[in-house]
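One chain, chain A, links the two complexes that follow: it is found with chain B in the first and with chain C in the second.
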Partner chain A sequence: MILVLSNVANDAAKELVGMFPPGAASLVTASNLNRSFTAGISVGDFSPSEISVGGTRTCAGEIGGVVSTIPHFLPQEFYYIEPADRDYVCAEVSAFFIYFLSELRCRKVNSPSTRALSGLGMQRIEWAGTAARCGVPVQPFRVKNGMPAAEDARELRYLKSTIIDGAIVGDRAPDAVCGYMRSLTRAFEMPYLSCLFAGSGGDDYALVELTDVPDVAIPANREAIVRFLRQPP
Partner chain B sequence: MPTLTTQYVYFGASGSHTRQPRSTTTYGGFLPIPGLNPSGASTLTPGTSFQANPQALTETAAGVTYQFAFTNVSGCTEGPQVSFVAGTPPPAGTVGSSPINVLVVYVPEGGGNGGPSGAVIDAFNESTGSLVNNNFVTVSPDPGGTLTSEANVDGWVDTSDSGYTITADHPNIGPYLALPTNEVFDQWVDLTNASPPSTLVNGTDLTPGKGETVYALAFYKNPTFKKLYTKDLKEIKEELREVLKPTLADTPLKTITAEQPWKGPKENVEVPGYGNLGGPVEFIAAELQALNQRISSLEASLKGASKGTAFIKAEDRPAVGKAAKKPDKSR
Partner chain C sequence: MILLWGLMEDEPMGMAHAALAKAGADCFFLDHRKVLTSEIEYAYGAGTGGRCTVTQGAETVDLGSVRAAYLRGYNFLDFEEMRDRPRDDPLAARAMGFQLQLMAFLDSSGCLVINRFAPSATNFSKPLQLTVIRRAGLGIPETFISNDAVAVRRFLSRNPDSVYKSISGVRSIVRRVSQAHYGFMDDVGWCPTLFQRVVPGINYRVHVVGDEVLAVRLESDQLDYRYGDTTQVAADLPAEVAQKCRMLNSMLGLHFSGIDLMRTPDDEWFCFEVNPSPGFSYFEMGSGQPISSALARFMMDANRRR
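== the complex of A and B ==
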């Protein structure tokens, strides 16, 4: 089974589920957890932990892949909980899912961290440091608000590039950008990264933005994710 | 200054040995080899490298010959290190603030003294360099539970009449009195054979056959907590001022409007749809509106039905969300 974590408003996540064979993938959102998700966790030996998603019973070891399209659950998604308890329930459920996803031994797009359900949840100043250290030029930015520091920002050309499982998705990017993307995906150990680069001409691109939560609204991303998860182990 | 202590000990002079309560508390539950142990301890300088010396393959004391089993070094900042080769010490580590303990373990030749065959077992904590008293194994087959009890209390499983599977508690060690149970299983170590066959040692299982005698320790380690980032945001900023000198401009941008290729934070909330250049704030602002609308519809469909509550009472909960957020003085 493939688990797709999202929110109830993300129609692209539903489309992603539909790209797998019937019954092979299930959508999990905070808004339907009360009706469609149960888990009996075996802490000592996680793999046989029993879960039920949308009426389908399985065990944790049978989950073959995870796509998390959200970094966090939001308290308002727990509309079936008394308002005064929603913050707390949201925090508890998030903690459980970070644990649950961390324990799964399958392909994840992307793996959770202590900060997020998907990806490392880094602030700009954190990923900028790592990027600079692995040789990726970083576009100058302001510490206090993250906006571009260059006064001629409007003159820059922007290029968005996404990498999934080591392959650049969509239009061909300049070789330099492809190299940067591969360095970044290795450095952060995340199969999915989407980056925005800025350049003033030629191939002198610099990193402006980095996102490690999969954007499944883009059809090419969905197709690449499905290919990645359907590969034999 | 951290101290350096070196201990030469042996394990398994006789089969049954009381673990609960442990009859010997000196030398981490092992017995000292007479005449080898230096008196006192020396001191080390924090931040320096430390590596134990190579050891002799055999030692003789009071007419008994002891065969080398392993060297364990605990207390370095890298965590415990172990070597099962006498002439090759464990890898060098860094001296921190903890005492460094070098434990060299031997096994007396001809152990058992003609007694019944069996498995002489115990639990060893690599992080502290000592035996621990916790329950740590389950023996099977053992319908009455007496073999498991004897294994945990006396560190002994008699194999005179049958072979057994001795399964080490995992991932964590078992309980005993109020001892901590956070130690995590690492491996079984056959003290007389550094490379035991898989028929004897396989993962958490130690499987001595009928009539077989084995001296083995279940190695456990204290858990290590891996921090995603070892520095706080303020430290990262200071470091990046050096790494990214031409990149950072630590002044606020006064005009944040749609005249630029970026939307400002205010526009992100008020102007729906994407169009910004990525990033969590923009991502959340655009999706939030659609999400809230969908949630409102769902909530309306409840039509006054009773809602759930958290299992933990409000007064027993830690602070979460905005209540837990500390003011960020670094901004």
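== the complex of A and C ==
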């Protein structure tokens, strides 16, 4: 069973579920949680714990893969809860899933962290240092009170690159950028990364943005994710 | 320099500040109450790396000079200036931006941070933290989390003397499951809930500061000692238990923590949870354990070393 964690408005997540054989993947959202996912988990004896995904009863250890297309649940997704209680329920469901996804021993795009359902939930200040340390040039930037300040005013060319399971997805990127992507996916231990690079000429690209929550709206990303999850463990 | 970030009227912060001042430490107190008017700027350059400065009033500090930081941020939405303002008010967005930037810079810096955000966040998911507690060698009470009422009833039939509490870090009063609760057990379908077998015994609160372990025995008339008539006594832990507490603190990536233990009549030790931002003042004032001095010493050692 493959779990696709998303929100109810994400049609691409539904398409991703449809790319697996019938019944092999299931969409789980906050908005339909009590219909799409129930569980009784013994902490300390995780794998045999009983769960029900999309009405199919199984055990936690039988989950074969996870795609999380959202970094967080949002209180407004719990529309069926009294407004005053939505923050609390959102915190509880988030805490539950961060634990649940962390304990699964299957392929994950991407693994959760204590801060996010998918990926490391880092800010630019945090990933810039790590990227630079592994030899990836970082575009100079400024941040004031959490907001980006004026960027480099020169005319720059931008290039977006995505890596899934060590392979660059989509359009061919310069060799240097492919090398940066492989270094980054190793450094952050995330099978999915999408990065924006800026260059002023030639192959001298520098990292501008880094995203570790999978964008499944892009067909090539969906196909690469399906290939990744279909591999034997 | 040692950076303190919080509210001086917050007792743990006030006690830490007093201990540092008494020891003559070089401190900068960044007043959280001024978060709405303070400024934080970060610049990353290809050759220079990142540089971050904070301006509060007339004073500007280069955060690169910080060698140790003690952080106890509050919810700025509770500040007087934020009263009647919506959550998406520009002032709130600015304050949130300030906080996130400060945390991001300190988390990615090489200085001693008590405590970094990511390790502290294990407290946002109690079951996740419990798995680390087990790996550190401490026992955990039988724990079940569920949004399935049938499964919960099965757990409770095997463990009739159980409590329930929040799964997340949202503070909740621990309550014993009573017969009355069975009447609305189906409500767990709307919100997953944590159930835990009751472990009888005596509560201990352990503060780990680096390698230093300061324990307090708590004798209370309540299941949740925070809400009862409680007597506190400074205590020594068995060496093996103290070592497991140090290991747990380290495995969680924390430098300072408050660990809740229970010693059973059979002399077994169970751990309920770890607080990464412990309100240690209550325990220092109640037991006399010199927690603030240990904290100040630890930060001053880091300030000298680096």
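Everything below uses one rule, namely that the second predicted complex is superposed on the first by the 223 of 233 C-alpha atoms of A that agree within 3 Å, B and C clash if a C-alpha of one lies under 4 Å from a C-alpha of the other, contacts with A are read in each partner's own complex, and residues count from 1 in each chain.
By our rule, contacts are C-beta pairs under 8 Å (C-beta built on N, C-alpha and C of every residue); 3 or more make two chains touch, one makes a residue touch a chain.
None of these values were measured; they are calculated from a predicted model.
When both complexes are superposed on chain A, chain B and chain C end up clashing with one another.
Contacts of A:Ala128 after superposition: both chain B and chain C are touched.
Using the contact criterion defined above for the overlaid structures, shared-chain residue A:Gly18 touches neither chain B nor chain C, since it reaches no partner. In the superposition on chain A, A:Gly40 makes contact with chain C only, not with chain B.
In the superposition on chain A, A:Gly179 contacts neither chain B nor chain C.
In the superposition on chain A, no contact is made by A:Pro219 with either chain B or chain C. Contact with chain B, but none with chain C, is seen for A:Glu77 once the two complexes are overlaid on the shared chain. When both complexes are overlaid on chain A, the residue A:Gly166 reaches neither chain B nor chain C.
Shared-chain residue A:Pro48: touches no atom of chain B or chain C. Shared contact residues of chain A with chain B and chain C: 34, 44, 80-81, 85, 88-89, 91-92, 113-115, 120, 123-126, 128-129, 132, 138, 140-147, 149. Interface of chain A with chain C (complex): residues 33-34, 37-44, 50, 52, 80-81, 85, 88-89, 91-96, 98-99, 102-103, 113-115, 120, 122-126, 128-130, 132, 137-138, 140-147, 149, 206. Those residues of chain B that touch chain A in the shared complex are 170-171, 228-229, 233, 236-237, 239-240, 243-244, 246-253, 256, 260-262, 277-280, 283, 287-288, 290-295, 298-299, 302, 307-310, 312, 314, 317, 320-323, 331. Those residues of chain C whose C-beta lies close enough to touch chain A in the complex are 39-46, 49-50, 52, 93-94, 96-101, 104-105, 107-108, 117-119, 121-122, 124-128, 130-131, 134, 140, 142-148, 150-152, 154-155, 166-170, 189-193. Of all residues in chain A, only 7-10, 31, 34, 44, 71, 74-77, 79-82, 84-85, 87-92, 113-115, 120, 123-126, 128-129, 132-133, 138-149, 153-154, 156, 158, 160, 194, 196, 208-209, 211, 213 touch chain B in the complex they form.
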